[in-house]
Each structure stands twice: as C-alpha cells, then as structure tokens.
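What follows is a set of structures to go through.
Each of the next two complexes has subunit A plus one other chain: subunit B in the first, subunit C in the second.
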Partner chain A sequence: MSATLVAEAPDQTQTGTLADVLPGVLGTTSDDTDKAYLVAADKILDALAYLRDKEGYDFLSSVTCVDYQGYNGKQRKGISERFDVVYHLYSTKKGGGHVVLHAPIPSNDTIASATSLFPGANLQEREVYDLYGIKFEGHPNLRRILLWDGFNGHPMRKDWKEAYFDEDSKPFRSRHPKGSYEFHEDKLPWGKNATYPAGWDPDTWQAPVAYVPVSQAPKHLGEAHLDTESIVVNLGPHHPSTHGVFRMLTRIEGETILALEPEMGYLHRNHEKIGERNTYLMNMPFTDRLDYLNSMSNNWGYALAVEKLTGIEVPERAEYIRVIMAEFTRFVNHTWSIGFILNDLGALQTPALYAIEEREMILDLFEEVSGARLMCNYLRFGGVVRDLTAGWLTKARYLANDRLPRALDELDRMLTDNEILMARGRGVGYLPAEDLISLSVSGPMIRAAGVAYDIRKAEPYGVYDRFDFEIPTLPHSDIYDRYYIRLLEARQSVRILQQALADIPGGETVGFGDYASATLSQGFGSIMGGKGGYNLRPPEGEAYARVESPKGELGFYIASDGKPNPWRYHVRSPCYINLNALGPMSVGYKLADAVVILGAIDIVLGEVDR
Partner chain B sequence: MFGTGLLKGLGVTLKHTLETFADDRGKVPDRYRDSIELGQGRRIINQPIDQEGLLTIQYPEEKRQLPERFRYIPMLIWDSEKNEDRCTACGICAKVCPPQCIWIVRDSDANGKPVTRPAEFYIDAAVCMSCSFCVEFCPFDAIKMNHDYELAVFDRYPQLVYDMEELTVPLEYYAALWPEQYAVEQEKRAKDEEEKKAQDEAKAKAAAAKAAAAAAKPAAAPAASSGGAKLSRAEELKRKAQERAAAKAGGDGESVPSPAASAAAADGEVDAKKARMEELKRKAQERARQRKAEAGE
Partner chain C sequence: MATVPPNFPEIKQEQLKPYLHDSIVVPDELQGNVLITTLDKVYNWSRKSSMWPLLFGLACCAIEMIATAASRYDLARFGMEVMRPSPRQSDLMIVSGTVTKKMVPAIVRIYNQMAEPRYVLAMGACATGGGPFKEGYNVVSGIDKYIPVDVYVPGCPPTPEALIYGLLKVHEKVERQSILTVPWYRKDQSEFVPVPRLGADIFDPRQVELIKETTMKKPVEASAATTGGGDAAAHAAGPKAVSGKAKSRMEEAKRRAAAKRAG
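Our next item is the complex of A and B:
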C-alpha cells in the first residue's frame, strides 16, 4: 500500500502559474467553473509534452471536442474557430485536479494527434474523428469507430440532424397542448431514412479488408522449416465471450495472436447527441443506461458534474446515501466481474451464479428505495430522489456486516488458489504499469499493476474523505491479479459500507414527506434537499467531474451556454478507454487467452458504444 | 494439490444443496415464509434477506412481491371521490418526459376555449423509460406508476401506445398499490383543501360585500380519509393490494383494470384497437400539418 495521495491545486507549478509557462498558451477561459487553457492548435503537442514531462501530468484522461457553431455565450468572444479539441490531464503521481486544454481549430482543419505522446488518445481521437470529422495528423489508424463507413456526416456536429429529427431541444412543442405527434414510422418509412455520403454506393461497397496492424506484433521469428501463414479471425460480434456485441479482429499465427484490434459501435445510439437535446434533468435516467450494472455510480458522476457547474450543495444524509449506494454497486460489479472472468476461463456459469447471489439481495434493496433494480435513476442534483424506506438500513446493515463478508470469504476460499485460475491467469495479459497509464487505463486494471491510484483518495468527492479504507494494489498486472484485485476492492467496499451505515446522520428516520411527488416535496423533484427542477439552467461555463466507478474513471464533461439544455455533454467512459490496452495486452498470447484478457478488463457495451 | 479446486467447487454446490434440502424439510420452507399462497403452487414471494440455499423464483407460477416504489409504466388517476379525472392537461409531464413519449390534446368547451381537462392522453409504452419523472413533477397527483409489468403483446403500434382509456385507473387501485404514499398524499390534500377553504373564508370575511358571492361557490369536497397517515390504514391498504394482486395472479382476469388486461383481450378488441389507432394516427398527422401551417414551417 503506498502513501495516500493528497489533492492539490492543479495550476500551481514550480515556476508560477501554468499560463505563463505552457507553450502556445493563448489565454484562459473564465474561472467561475472549470478553468481551461486555450492553446494554439499547432502547439498542442508541445503543451502536452510540457505537461507530461515537466509537470507530471502523465494521464491523458479525456480527449473530446466541442462544436461552437451557433454558440452565443460570452465565453467565445473573440474566438472565431468553430471547434475546440479539449484535453483533460491528471497526474497519477501527485493526485489532485486536472489541467484542461482547449485547442481551437477551424472547420475541416486538422490537428496533430496526441498518440505519439499518449498512446491512450488512440480510441478517443478516433471517436472525435468519427463524430465530429476532425482529422488527427499522425494518428496510426484514423478510421471511423462507432459508426460504419457508409454513415453520412458527423453526427455530433451541431448542424447534423438525425433521421427522426423533431426539434433541436426538448421539450418538443408537438406533445402539448395539441398533441400533434407524428408517428416516426409514418414520417420516415423504412428504407427512406438512409442517406449516404456523396459518391457512396451501398450496393458495391465491401467492408474494407480487415485492418489489423502487424505493427503491434512482437518481432516474429518464424521457423524457417515451417511454412506458416498468419490468418485473420473475427471473435464476435455474436459471441458469449465478448460480453455483448463486440468484435475482436485478430491476426493469428497458429494460435498465437500477432495483432488484435477492437471493433465496436454495435450498440451506439449517440448518447451524447441525445444528451444535448435533453434538458439537464432528463439526462439522469439516460446515464443509467451507460454501464447498466452500475446505474447508481453513473448517476453520481453526472450529478457531480452538474452540481459542480451550478454550485449546488448536497445535504449530509444524501451524501452518505450516495456513498452507500455506490459501494453496494461496486460490490455488485466486482463479484459479477469475478464470476465472469471464471466464465471466460471455461468454468461455465457455476462460479458466476454463486458470485452473483448476493447481487440479488442488493438489487432488492435498490428496488425498495428507487423503484428499479437496474435503471435506478435515484440521484438528483443536490441529493437523491427520496429518503430510504423504513427498515432499509437494518437490512443493509445485515448485508454489510454479515452476509457480504461471508460471501467474499467463500469466493476467496473457492477461487483464489484454484489451479485453473492460477494456470491460466498467472503471467497472462501482462502489461507494465507505465504502459497502462500512457494508454489512459484506469480503475482496477492499474491497481492490479501496482499503481495506487483511486479517485476516492486522489481527488475525494462526496464524503469519501471521512472513511477509513485502503487502496489495495497487486504487483503482477496479469489476469490473476486482475481477478484478485476485485476481490480485495470488494472487501474495502464492505468496509466503507459498514462505516457509512453506522454513521449515517439521521439513522433510521423516515420522513413521510420524503416522497417523489411535486405536491408533497419541498420543490420539484428535490426531495433530499436539492434544487434543480426540470428546467435547471446552470450558468455559462464548463465542468468535468469524475467518480471512481467500479470500472475506472467515469467522467462527465458538460459545457453550458446558460440555456436549459447542455451545449455539450460528453461521457468519459472507462470501459471504452480501457479497451486501448486490449490489443497491446493480447499480443503474443493465445487466442483463448484473449477472451479472458477482455473479460478481465470488465467492459459493458452500453458504456463502450454509448 | 491438483484437484482441490474441483472439490472445493463441488463443496460449495453441495452446501447449497444441503441448505435447500434442509429448508425444504420444514413445514413451510424459509423462502416461502412471508409469501402469499394462491394455491396450485402459485404464490407471491416475499423473499427474506437472510435466505440461504435456493434463491430462485419459479416465475410465472411464483412472483415476487413488489416494493411500493416499484415503477413501470405510468397510469392516470380517476378520482372516484370527486368523479373526475385528476389530470388538468397542464402538460408538465409531457414536458419533463425524457424520451418525450407522452402527448396530450387539451380539451376545449363548445366555444373552443381550452379547459383544464385532457381530450386525449397517450403514452407510448414502447418508448417510456420508466423513469417516473412524470410522476415526480405532476402538480395534481394525477399520474402515478403502475406495477403491472406483464405487458407483452404482438405488435407495437396498435397495442403499445396506450390511450386514456387504457391508462386510467380508479383511485382505489392506486391506493392499493402505493398505500403509504397514498396515505400521506391524502392527508396533504385534505390539509391543502382545508387551508384553501380557510383562506376563502378569510377572504369572504374581509370583503364583506362579496361574502354572498363567495358563499355561493360550491364548497370544496370533503376530504376522504380522515385517518390519514395512520399506519394501520396503510397496512389495511397494503393487504388490499395483495388481495388484488393475488386475485389477478389467480387468473381471475377482469378484476384489475390495467393495460395488460386489455392487451390480453380477445381478437375483436385488438381489431377495434387497431381501428382506433389508425384513427389516432390520421388525426395526429392532421394536427401536425395544422401546427406546421400555423408555425409557418
């Protein structure tokens, strides 16, 4: 266990403020909310290199883009460029907050790819290219990623409209008071809603020959006397090992993987565009659908971002409830993940079913307070939607003090020195910690590589600073450690739960006024003390907030222009970004190992594809 | 030692088997302890949190007892005390609905003046994401979450777009599903009405000249449940809810007015509904055209 990381102000450097020393700085945005440095696009690599090498910002957390076409706020005064490429960097060494860079570029321009400095920019730059059409010069593999090649346009641009376009923002005028709603099937009967890029013919198009970079491959020695040939094999998209619809494009020789490329987007629904059409509150239930195993922590990440933007305070009791829900969620996620690592190893279903037994109990508890097992939609800006029910804490305490530790002990006894897990897990899927960090990997994956980086300690949110818990780390960075770290983390979760359930202010009290109903509560949807009805208007500015979701750093980036709909709503998805490491981790191992290596990253396709 | 992992694994399975076996030997197995028996192996299970051994529920014979806050598809409340729809067609639910799956046509009187009553009210249940925002924001307690989750039908368009008739349930049905919240709400409503009455009276006193006119106003309807939030009342209602659910699970079809009941209806009804939906679509298109013409789009 390494020393606890302490948060510190991000813009203090050894030599003064960053604005003075950062190469290419044009200025800073207003600092009411998140402060960002505007950096000249042609100097962006210098700025990133400076931050990485001189200031220790070694973790390129998020790369995204904002389209400012039609933006009327004060923030863009004097900036004529249409797009901003936005970078969020953190330091895994010193912890603390982020540095935000905005690189303004005009339409259809290019910008240098950050992949040479941070290989983790790979998937994120492809996403920006796909959704905004920004080209990254020097990117090794700049292809569309979430959409297919025959998709017309770049959907996150402000002037792009979907096939079933209603209006630019909700609420749609057609729903009330005249109810002149048109059925989508009548508006656009099948077959008439597809347009293709210019010069594109769907009939003659053929999927491009599988791109599998041989560059990933270790130096291939080959055996002269054997006439071997490498072949391309698709794992998925319809395969139980892919945890959803996901494809691993592999080039193998014999059974050894030479290169592997993740292919995704089958579940893509353009969550972020929906988010821009929605009002702030409406996004809350949509976040449930990202990582659908962990709706409570998704809610929290989003609520945190909006609270940061608007400066809403959260009452004590609600903070405790949030911690309790998030840690129960982590327990659910980690036992689920352990069960499915075993599943991927070939121990079909039996361990998985025992591992998720307690999950049912926890989901019962979720259902009791929120009304749903998976899509909880329980948090609101400034609190949670309702108080706990009578008797809830007693049940939760029984779970935390008795049942959950017992279940973990049983899993530990059953699995930890299991021969199969040892034989197939030890030394498989190895990647050193530095590589993982430069690939922007977060969560249990880096802790299994010995990096004690956990946002709950590095940049505490909520009331996490009040609990006594540790960040477990393991040294080997292989499948086995990735299994075991989850067990250890689940134990810490139980530890936090025990403290939170004992200390929760107000204890078992249940106010009958705490119901989700406008006639009963203190205000619209503001049960546990929060503000923010359905027409919340945050001040102009931007905010990035992140939580340690069970899968890694889940971040929400929100830019507001002061209207009821977010100008930009971006999800920094840990599942998606952790997939950066899938190729490098699999190379050199056997095809059957790739299945477990993927399993041990622990992805949920709802969040990967968004 | 090679093979211990296998033995341990089998040991866990054996432990579960034995626990279930021991449980089954009891007169009432633990997992059925608090359940409602419906006969013929059907029951509503209220699983204890400390249940060991077998945890599975043999759906559809066995069902879980749903917590009060369970949310599925909204329903509209028919206030049986006042004999009117609670909904005033204010449109807040349609505005706040994240996937915008509610659409409402406000009613108008003979002169074409809008009145506070919906003429039509639709929810596209295939789009509804069960978020419950409509319920949270309705200022008149007119829309609540139904617990009925068995809604499978063959076609989406004719059948999953619920109209007002299918959405509306009597107040008692809501009271049975949501006993605690209902009790609190009734209390609050009674208090509000009393306050309103008191205010009216105060006004009447202050403006003595207008007193006669104020008195002529129809008196507010008396509040129904005087007992209010007493737990015994809540418990009684809960019992009623269970009885209802039991009756329904027992296959005694017509007792609960719900979308599922109508969805499961005979072919004739489906055809009738199809015709209604065609009509609805035609009207919707017409209105859309009209709106666009008005807006000059």
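Our next item is the complex of A and C:
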C-alpha cells in the first residue's frame, strides 16, 4: 500500500486548469511536490473568494507562513520575497484533495486578512502574526495569541534564536569534538533561557496592554428590562473546568454571556521551532505530546506527511496495525471526552471513572507493543517500529469483540436517557453547520451538526477504504448531540477494529516478513541516499497530509529544502482551530454552560498551544 | 530450670520512659487500651494520611495523574483522592507537566496561596528540568527555578506506579518532620516567593539588578551580550562581554561538567 493513496489536488476545474482562471496567479510550484499556486499578495482575497464561490472549496483548513530567509533551493528561484503565507483549502461537499495557495510577501509587509471570507482564519492569522510578525489587514482582533503582549520579537522567524542554544540546529556531540558543549544559557548571567533586548529596563517596563478583549461587547442582549451592569469574569488559566491551562474571559450580564474570548499559550511548548531544528525522525516522539491522549493518531499524521514528501511505501501489515492503533486511540479519546463532558456538567468523577475504565486495558496493549502507555512513539516512516508481540492480537480481539462493545452499552444505558444530560445538553451551544464550516471547525463537532464529513471517507488514507463503516451524523448541533456523536463514533471504531483484527495480513505470525517500517529495515540510506541509518533527507518540496484524529482534522505541513531537518514544520491542530467556535457558540447561554460547551469541543491543551 | 517469664508491661514501661516525661502513668487496667506515642507521630500520621493534592494539571503528565487517581491505581488508598481545585484547601502541589513562561507567574501565585505546610512534587521530566521541550523559547527549565520542590519523579510521563512511589516519598518526608523544627510554626518565617513577571522575556524580580547590569550597559557592549530579538543585528555576536557574575557562573558550569565527566 502506498501513502500516495491520498488523492492528488484536483487540477481540472469546470472552466479549465485552475492556474488559468485563478485571480492573481503568478505561477505554480513544480510537479514533484505538493502543487501550490503562487498568488499575488494583493489578490489573495479574490483568489480565495473564487475558490470558495466558484469551485466549492468551502473549508479553509490551514493558514500558515514560511520564512524563506536563507533558503537556497530551486523552489525559490526568482522569488525575492522573504515570507510566504500559505493557505490550504478543502471542500466538505466534494471531498478529495486540497488547493494550496502561496502568497509571497516581503518582510514587514501586510496582507489582507481572510477573516471576511472565512471567519475560521481568525485564530490562525493571529498565530502567524504572533510567531512571524506578519500583519493581517482587516483582522478584527490582531493581538498576540500564544505569547504575551510585549514579548520581544517573533520567534518563528529564521533569524530569531533562543537563548538556550543560540545556534541554527541542535548542537550534536560530533560537532563539538571536545565533547563538552557549553550551553549558551549557562553563559548568561541570569542563567535562564531568556533574552532581554539591549536597553531594556525591567524596573520601568510596562506591559503594552491597550485592549481588553471583551470590552467591546454589547451592554445588553436584546431589550433591557433592568438597568443592570455587565461584568468581566475570568476563568483560568488554573481552573478545574478548563481541561488544563486555558483561559476564558467572559463578559456576563447576570449569568448570561455577552462575549467570550479564549486566551491561550499557557502550554505553548514551541513545538514548531524545535521541530525545525530536529531531524525528521527526532520529531516523531514530539508529535506524541501534541494531543497527548492520542499519540498514535498524531504519529500517523506526521508519518503520512513525510511519506508523502519522500514517496516511502508502507507494507500492508503495517497499514493494518496503524488502523488498529488509531481506532483504539479514538475509542480511548471518545470515552474519555464523554466522561469529562459529564464531569463538566457536575456529575463529578463517577461517569468519568466508568468511562476510562477500558482505557487502562487499551493502554496495556499499547505498552506491550511500544513500551509506553501514553507516549507510544510507535509509528515510523514507512510502517511501525516493530511488529506486534505474540498473543497481542488475541488480547486485542477479546477487547474489540467483547469488552469494548459492552463498555459502550453500559455508557449508553447510564447516560443517553439521563435527565440531567438532556436538560443541560439539549439546545445548548447551538451553531448551524454553515457557520461551523466557515469557522473551519472539523471532527465530531461538525458531524453533530449533520455534516457527514470525515477524512477517512472524504480522502481515504491508509487502508480505510477497505473497511465497512459509517459516518454517523446527528442534526441538532448542541451539547447533547456532541456527546452522543462520540458514542456513535466509538461504536464505528469498534466495528473497524473487529474487521481489521480479523483480516490483518500475517495474522498471529510474529516477525512477519513485511511487517515493520520499510525505512528502518532497509535503512534510510538505501531509500533516500542520505547518510545511512536514521538521517532521512527528503527531496526539496512541501507536503501537507491530514488524518481524521479523534478531535478533527489533524494536518502536518512540512517544507523541505533537502537538508536533514525540515525547513518548516507546521501542525494544523484541530483543537486550536475548533476553538474559533467557542465564542460564537457560548454567547447567549449561561456561564455554567460555557464550561460544558468548552468540554464538548474536546480540547487538549498540548495541541491547542503546541 | 525455670526461666523467669518476661514481664511485658514492665518492658514496655521501660521503652516508653523517654517519652513519658515522668508524669504519665497508664493505669494497669488501661494498659491494653491506651496507646502512648509522640505528638510528632500523631501529627505527621494524620497529615500524611489525608494529604490533599491540588487539582492542577499542566500537560501530558496530568493525564497520568488522573489515571493514578482513577479506579485502577486508586489514590484513595493513600487518603489522597480528594483533589482540591483551591490552593487554600490543598497540601500538595503536583506540578504535572511542562512549565511555560506564560504560566509560571500563575503557578508561583498559586504556590504562595497554599497554606503551610505545603509540599511540591515535580512530576515528569518537564517539571523537573525542562524535559523534551527544554530548549523552547517559552519553556522554563524546571519548576525548581522558581519554587522549592520536595520530591522529583522522573519519566516522560512517569507511570502511575512511579507517581505513587513519589507520593510515598512525600509521605516519608512528612513522617520525618518534627513540630519543634518545622518552619511554619516559627515566628517571622513566611516562605513567600516573589512572583516572576513577563516583560520582554520572563524575569525574576530577584534578578532585576543582574539583568540591568547587562541590558543597560553601553549600547555596543550590550548588544553583544544579549541575543535574540526581532532583528538580526540585535544578536549579531555571541556573549563576548561577560560580567563578573557571569564568569563565575561559567566557571561553575565548567566545574559541574568536569565533575560529571569524572564521576
């Protein structure tokens, strides 16, 4: 099986090739990479509007930026601009592949904000502004998002270096023959990984806060009967309802929310900056720590992107193993999130304890093959790191055929007709499907609004096209449906698991010929012509691959310049982008509902902040 | 040959003597019912048997912390199942995850709000020393750069078993403490930790002078001693002009590295 199952970008349109009709198009990148259209920066809105209205690309999946300073590959011949703002669009109606737009802009320039066409660009443009310093004109709220106001510089720029290393790539032992690398951090008087610009005076320094995010909310919702005063209530970053270190600023009148603003970055771990310094293989364990409930799906997304970039083939047994792992993960995630939605509703702990009971059994299986319960680091480019252990399949079959369906029945029996869940869930947090799509929301959230969009069907990867399963949808787009859709999806996962565990090629045989990672068993060297062993050097180009993670569309965007570490490594995080909908969904409901609305989006802060 | 049977009440009396201060005599008829021990022991036993952790998760390690509290590993066995979201009601802070610069002021503030006696357990590689993300520009290399830590649990993430082992170590530490010497009953001893602030980068109020020494130097030297920043010019050179304190730090670091190699 090949990773290139991923459909190619549709080139042909109703009116000819896209390159001919797209407004402002300057050219395309070469064919041996993910094809991208170069679009003049001042025409970007026209191009996006054309794609949305004429070609049906209604889902702006990812907005990001690449800094090409110091890049010397063939791809950038003849382009002098330093930055490219990169857009990936999909169609939720037609399914299939993406259209990629690159808008080159010089340093310190501005580009029009896409928020007028796709409100879902909101958070992503703020992130680009924060990390690259690119200004989006017309953006409603262009502030820093992951870092704090007043932070010095824009850290993802290529010329911004951390105080810790102060080097371009990781200082390997071999580059320091004496074997004693002195960290830059240790040479600084304050002994911390911190940078202060010259002339900066900590005594007189004032944070440049000019804007209180929820201050512009209307004073009342609708007609005011009483002359009440609205107040700002802060939840987080340390708050039991926020599922980690997340902060919500709400303006409320009585208990009704007038405006809600998410604040994040409290777990911003610089995943992308570190990823650019790492080699390709070194990034694999870091992806575990994105959405730390679902390390296997994260691994898969990343492996898929690198496989797409390099054209590595995956053996069939490994494809099945991946499916099995991903579906177990989905089960774990969905039962976990069901338990914690109930937790947020006030049913403290009991449903959660029931819901995560089976999780321990599944984690035992993970531990058996990978050595770790949580951070499995099990997938590799071209397969998985090692074969299943003896007897693993028997245990897995027992779970999939016996225990997991029973556990779901139990949850169903306990919760689905539960009066509190009905009363608190029905009709709360409503947002229509069109709004959700324009806000770039993906995953169970849109399926609970009646949109049958699942990447496993819309653009099948791996061997998902071989299994018989359905995409459940529910019509109401409220908390209750978001709870119930997870239960239904977990049932479908069990269904896929049963099939995959039954048909896995090689069956119980351990050490089956074609099992493990093609790259590891043959050595990267033989495939990529690099320095043997583990030093993968993909050809110059870029790739975007996505998987249906339990949270939504998890995408990895990788740009390579042919060196052992990625030039650009970006994670399109479903949790982060789904938070676009938090504000619009909460307005008009009670403060206590906002807690559940957040819980039903199902975020994991490791992935939100990266 | 008749051996004299040991007189257990007498032996016990003998053993207890040091604790009795010559004043407490347990009447014979109560010997079987009354237990005499030290105040320290009772005090510490009750503290360690109802040590409430702060409900406080930072990152991936928090998931393992929840798993530890769930039914399989069952933290309730140690009297620790009551996780309190309020720092006022909790005794133990489990720093479970990556400490970021943006978060650390909040953590220090929470720590200051906890009533003494309070304990801190650094769970996982991140809280201990920065972990896999140590090099990150927004990551703090371990919570002990700011607040005192009692027990470190290594791992990424530590398994629930490891966490339980660490918690038992906290209990042991509690058991070894004595009312006479614990800091929180002394006069004028408040362990208030100054809250770090977010400026151009994070800074500890205790280090303001140190930072100013470098940043407020004459422009030419200053730009050589700082790095980062938005402009390439701002960090053109490595740290050439180093202050005396920096030199001593460097030597310290070299010594440490040499000792590590030797040992």
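Rule of thumb we're sticking to: the second predicted complex is superposed on the first by the 530 of 610 C-alpha atoms of A that agree within 3 Å, B and C clash if a C-alpha of one lies under 4 Å from a C-alpha of the other, contacts with A are read in each partner's own complex, and residues count from 1 in each chain.
In this section, a contact is a pair of C-beta atoms (placed from the backbone, for glycine too) under 8 Å apart; a residue touches a chain by one contact, two chains touch by 3 or more.
Predicted model only: the values in this text are computed from it and were never measured.
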Note to self: Once chain A of both complexes is superposed, is A:Y164 in touch with subunit B (first), subunit C (second), both, or neither?
What the structure shows: second
Item checked: Which of subunit B and subunit C A:T17 touches, first, second, both or neither -> neither
Margin query: Contact-wise, after the overlay, does A:M375 reach subunit B, subunit C, both or neither (first, second, both, neither)?
Written below: both
Item checked: Touching partner for A:S107 - first (subunit B), second (subunit C), both, neither -> neither
Margin query: Just to be sure I read the superposition right, which of the two partners does A:N234 touch: subunit B = first, subunit C = second, or both, or neither?
Written below: neither
Margin query: A:N72 in the overlay: touching subunit B, subunit C, both, or neither? Say first, second, both or neither.
Written below: neither
Next item on the list: Tell me which partner A:T350 touches in the superposition: subunit B (first), subunit C (second), both or neither.
Entry: first
Check: Is A:M414 in contact with subunit B, with subunit C, with both, or with neither (first, second, both, neither)?
Finding: first
Check: Both subunit B and subunit C touch subunit A; at which residues?
Finding: 166, 170, 180, 182-183, 185-186, 285-286, 357, 360, 375
Margin query: Going by the contact rule set out above, which residues of subunit B touch subunit A in the complex?
Written below: 2-5, 8-9, 12-13, 16, 47, 49-50, 55, 66-71, 89, 91-92, 94-98, 100, 102-106, 114, 120, 122, 129-133, 135-141, 145, 157, 180-181, 184-185, 188-189, 192, 229, 281, 284-285, 287-288, 290-291
Margin query: Which stretch or stretches of subunit A touch subunit C in the complex?
Written below: 133, 146-148, 150-155, 157, 159-166, 170, 180, 182-203, 205, 207, 237-240, 244-245, 265-271, 273-274, 277, 285-286, 289, 292-293, 352-353, 356-357, 359-360, 363, 373-375, 605-606
Item checked: Partner subunit A, residues of subunit C touching it in the complex -> 55-60, 62-64, 66-67, 70-72, 85, 97-98, 100-103, 106-107, 110, 132-141, 145, 156-157, 159, 197-204, 207-208, 210-217, 219, 222-223, 225-232, 234-235, 238-239, 242-243, 245-246, 249-250, 253-254, 257, 261
Next item on the list: Can you check the complex and tell me which residues of subunit A touch subunit B?
Entry: 166, 170-183, 185-186, 278-279, 281-286, 347, 350-351, 354, 357, 360-361, 364, 367-372, 375, 377, 385-386, 389, 395, 398-399, 403, 410, 413-415, 417-421, 512-513, 515-520, 524-525, 533-534
